[in-house]
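The two complexes that follow have subunit A in common; it is paired with subunit B in the first and with subunit C in the second.
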Partner chain A sequence: MKRSENTFWQKLWKQKALVLMSLPFIIYVIIFKYIPLWGWLMAFQNYWPGQSFFNQTWVGLENFRLLLTDPIFYDVLRNTLAMSLIKLISGMFFSIILALALNEVRWTKFKKLTQTISYLPHFISWVVGANLVMNALSTDGGIINEVLMGLNIIDSPIMFMGMPELFWGIIGASHVWKTVGFGAILYLASIVSISPSLYEAAVIDGASRLQRIRYITLPALKPVIIILLIINVGRLMNMGFEQIYLLSNGRVIEYSRIFRIFELDYGLKMMRYSFATTAGIFRSLVSVVLVFSANKIAKMMGEERLI
Partner chain B sequence: MKKGFSILILMLVLSLAFTAVTAAQDEDLQELDVFISVALPDYSGSSIVGDIIREDTGIKLNREYLVGDLEQKVGLMIASQDYPDMLVAAHFTDKFVEAGALIPLEDLIEEHAPNIKKYYANHLDALTKEDGHIYYLPQLAIPFEPAERRYPAVGFFISKRVLEANDYPIIKSMDQYFQLIEDYQNENPEYNEQNTIGYTTLFDSWRRFATTNGPMHLMGYPNEGGFVPVKEGGEYVVRPYYGSNVEKYYYGKLNEMYNKGVMDQEAFVSNFDQYLEKLSSGRVLGTHNQYWQIQQAQEVLIDEHPDNIMIPFPVTYDPIVEEHVREKPYVQTTQGMGITVDAEDPVAAIKYLDYLVKEETQHLLQWGIEGEHYQVDEDGMFYRTEEQLAMFQDPAWVRDEFGRHYYYNAFPSLTGLDSNGNSYMPIRQPSAIYANSSDAEKEVMDAYGVKSFTGLYNKPFEDRKYFPLWTITLPTNSEAQIESTRMTDALVQHIPTLVMDSTDKFETNWDAYTEQINGLMDAQIEEYQKQIDWRMENW
Partner chain C sequence: MLRSKKRSLEDILLDVFIYTFLFLLIAITLYPFLNTLAVSLNEGMDSIKGGIYLWPREFTTFNYQSLLTDSQIFHAAGVSLARTVLTTVFGTFLTAMLAYVISRRDFVLRKFITFIYVLTMYVQGGLIPTYFLYQRLGLTNNFWVYVLPGLVAAFNLIIVRTYINGLPESLIESAKIDGASEFTIFLKIILPLSKPVLATIAIFTAVYHWSAWWDVFLYNSSNPALSTLQYELMKVLASANSMSGSMQQGLANAAQSSQITPRAIRATMTIIVTVPIAVIYPFLQKYFVHGLTLGGVKE
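Coming up: the complex of A and B.
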């Protein structure tokens, strides 16, 4: 017992620099991420501001019952998961394709130009981005409708923003437009770190370009892809509030209301603080479950893990 | 090196001394923080009326104006319980009362505010809550008689072009209204090289009442909100108009117009700015709205396309209906400026508000300085010369140089006629409504033989003490409140479909809509009825 204690303190002393360096972050996490969890108690109360903690009415799991029996709860859950998955998969897929394509381009000026153009949208905010998307899809001189009509594919403009069945697609496409370039940078960086000798050997063995991508680049990217996937799966329940909030309108509300918009409309805006908290807890629980399952799957596939 | 260092020290000391001097100038001014739920650019710190008020009161206001969504802002303020000295939050003010954020004012008024007591006397009953306290003071109190307005509060607006082409007809029914628009649009498909829009409507977030209130006005009611109190044997009984036959007729008509291409194809996905832009371009022939929502566009039209100014009519679903769309001027006694529990010096705050509602202050704010901004004739009546009028025609000047907005918008204030028969509001000065109208407006008024567009409307309803229903707030976390949110969702979702789907699907869509909303009104009606009864008894 004493021996192990000694080794602990000895170890601590040896690593004092590292411990000191991480201390501010631990304090940060405790202050900003753990202490606020105290507010979760609101979910078990009928919270009303202006009263002290001890004067609040406790209602047990009533708020959870209200949440799970809310008539639109399952629509909201479906929208949240569906749109996040669409964004996650399409975002990664196109970023990887772009990174692979850019890596094969040998004309540096063109490569630089493409990269710059493709990551520029990342730097505009969604407020501006959403307006650009809405203008492009407008029936009154929007570029998409103009082009489709110019090519005689349609004879009258289509109201894209008013069609519920198209909303998820618009969210996916605009997400790709905005993030593809920036996402590609990450993959490009990993590709650059692959040893050129592998490619040289492959060329000598007579591998074509596609074969080199298939057998060298993609396997080398696999760990990065898995790690990013695990991180993003944890954010599934929280993704893209701004984008969806700004692009949605009354006609498509059935397909556009995600969890955080639901919390805002049926919680905060109605001053049902307890209900909003309950919905937030639910969201966090689902996220935790998702991260652990993704991690587990990665482990089963024999890949790198985050946790 | 040493020399350089001492120079640096000297500069530091000097700059500190300078800041101390500037701070000292403001030192003898007491500061009051106030949150105001209207969107305005920040106050520059000095203006014609502002400097006088600051001199008189010795108080410097720190205003926080609304940025973004009020509902969210209120939710966050209450959750954090961090309040300024005074606040006003439009129709959410009652939420602050519920949260215990405002202090009772009646004793403060009694002791320190003779002007509030005098000019708000008519409203003090309605301002007293069920617990016997007064928590806030609304803007635009009417101490004496109300004044006439140039435009009625709400109506089906139609372009002057259409009226002119038809020799200024009197428009009574919705069928007639749309017939005029449709025929005119067929003859004039383009305006300024853009397509003519026959009819458009506003459906952007909370402003969508411009669309959904239509049936209520077609039934001849003024703006009551989501339900109408019907007079039945001396009692006011709350009835829904959502799901009614009039509503079905209204959306059926819009659906027909939409499929004929008369109605704006993008109306339901346009936001408020796009709506105003369309109206201001002069290519829109008709819209239904409350005047204050289209006022900005109308001002542009008066300047740039005077032939296209929008003229309101009290249109009903059937010419037989006796309309009372014009509302009796009322004071919004369910919102106003209150003093919070965080206020360090509530007496200074109430004295400041009392100073603002003094008749002289109100004349200063609304008319200006005598001789400089207005004249007084031998009967004691106020008027403005051409030059003075021109000054006040520039909204930016009134806001930034004159400074009215920063002491008037959302602050306790007076309206109607003053103790001498002058209107507090210059544009409602009885002698000025017609005289100060633009040429295009005069042309229309002359054609109909009226002196203001309100003249196109019948007299308002008999005195309804509770009026209007929409100022009732549903209690937080109540069944009625949740019903109301769900009903808004249902409206948002179904109404665009009702209008924009093909006409043969209208019946099916209507059934789906009514099926959903019918279950969402019982608790609301019950709550509204309870509060209407309470108002009838206590106001």
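Coming up: the complex of A and C.
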């Protein structure tokens, strides 16, 4: 016991150059990321600004009880998880399809051009993205309504942005639009690294192109799919705040209000600081549980882990 | 080379499907931008009639002239550029430095530092405590709130560390034998060798900061001198119908004498914000594609 302690400090002393290099970063992360965690104590108070932190009334778990009995809370939880899952699954699905399609293109110039174009939406902000989405869906000459009317599918423009039941779909579709090209990069890289001899052998055995995709390419993507799932499962509670905030409006709020919007409304608009902080704690706790579970499952399956 | 002499029906159908899918993707990706560009180059009142698709009907550069001479927009562009450049340069350098430290397998604090950084990806203090902290630190109504909190991001850190881990360890060993200090090893050996992955995270950082508006809204919205281009666009979009704010007021005055409409302002602002990035990113492709695949987020 004593010995190992000694060697730890001895080692630390020996590596003082590295310690010195990393010390500012440790202080930095503590100030900017961990001191705000101290603010979590507000969740156990009935915080009122203007009074010092220690003169606040302590209320125990009252805020958590209020949160869990809040009628909106379950809508918020449902919206947060539903939209994240829709985005995660549709984003992955279309990125994989795009990677598979690009891999089948033999016309190199066309392939390069398509890839370059497909990255474009990734590089624009959601402010621009939301603007483009709202233009396309507008009732006043929006392209989607024009096309649908031109094809005689509808006879008057649909107010897409005002229909609560369409909101999740719009979020999913605009997410795919913005991320599909960039998302395909990792899948395509995994496909390119598959040994050509596998395909050659399959051709000799008489496998068709579709069969080669089904039995060689798709299985090879499994590791990258799993690692991306693990990374994203931990983010389910935090995914895509800006997109949802910018596309949301009063008419669809029942389906668009996610945790961060909920915290914003209660915290900044209604000044219920303690309550908003409680919601934030809940969000972080669920994230941690999710990421550690995903990590465990991956470990059991013998896949690579994140932490 | 894998193609057989006779193409089967399945083969042809597959190609039809693939090319249809890809052409559709290109159309859906590009159309919104081209349409916005056409509207921005079209005479404002004429656009109201509708029917502008890919080409302006009454060509004019008036929309650009009126926006680019607006001093508020010009100033905001300067702030956007400043925060983007500062954060990209310092953030990339500092991320590389910490990544080198935690890539050293014999370093005793390696696991600890990695853990406290990775945890920040999932556990956050939340809106209100963070706001109070920044207030305490004097970072509200302050330009540095754009730069300081985001200097070292866990995600980028892990990407760079993974890349450095892949470099041959003998490089460090031999430099040590030559008597190089840790900092010299980082500066003279690791930094130059990590260029590809650093280019990748520099691109990510730059795009993020060029696009940011949320921190402007939250911490600095009371001070127009600290506004960014993206936030100005955000304000134009938010008040698309009810024009307000100093900039829109100025534009509304201009609108009386000549023909500029909210829709034209929106389209023109969108293009002004988008063009710098759209012009640059195709040339950086090899960096982000390469860096993403090399650095892949894994242990």
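Everything below uses one rule, namely that the second predicted complex is superposed on the first by the 250 of 307 C-alpha atoms of A that agree within 3 Å, B and C clash if a C-alpha of one lies under 4 Å from a C-alpha of the other, contacts with A are read in each partner's own complex, and residues count from 1 in each chain.
Methods note: contacts are C-beta pairs under 8 Å (C-beta built on N, C-alpha and C of every residue); 3 or more make two chains touch, one makes a residue touch a chain.
Computed from a predicted model, the values in this text were never measured in an experiment.
More residues of subunit A lie in touch with C than with the remaining chain of the pair subunit B and subunit C. In the superposition on chain A, A:249 makes contact with subunit B only, while subunit C stays out of contact range. In the overlay built on the shared chain, the residue A:268 is in contact with subunit B and with subunit C.
Of the two partner chains, subunit B is the only one that A:159 touches; subunit C does not reach it.
In the superposed model, A:56 makes contact with neither subunit B nor subunit C.
Contact with subunit B, but none with subunit C, is seen for A:139 once the two complexes are overlaid on the shared chain. Shared contact residues of subunit A, touching subunit B in one structure and subunit C in the other: 140, 264, 268, 273.
Interface residues of subunit A, counted against subunit B in their complex, comprise 46, 48-51, 71-72, 134, 138-140, 157, 159, 161-162, 249-251, 253-254, 264-266, 268-273.
Note for the complex: subunit B touches subunit A at residues 71-72, 74-76, 78-79, 81, 95, 98-101, 203, 208, 265-266, 268-269, 476-477, 481-482, 485-486, 489, 492-493, 495-497, 500.
Contacts from subunit A toward subunit C in the complex involve residues 8, 11-12, 15, 17-19, 21-22, 25-26, 28-40, 42, 97-98, 101-102, 104-105, 110, 114-121, 123-128, 130-133, 135-136, 140-141, 143, 177, 180-181, 185-186, 189, 199-200, 203, 208-210, 224, 227, 231, 234-235, 238, 242, 246, 260, 263-264, 267-268, 273, 276-277, 279-281, 283-284, 287-288, 291, 304-307.
Remark: subunit C residues 2, 4, 8, 10-11, 14-15, 18-19, 21-22, 25-26, 28-33, 35-36, 50-51, 53, 94, 97-98, 101-102, 104, 106-109, 113-118, 120-130, 132-133, 137, 148-149, 151-152, 181-183, 186, 207, 210-214, 230, 233-234, 237, 266, 270, 273-274, 277-278, 281-282, 285, 288-289, 292-293, 296-299 touch subunit A in the complex.
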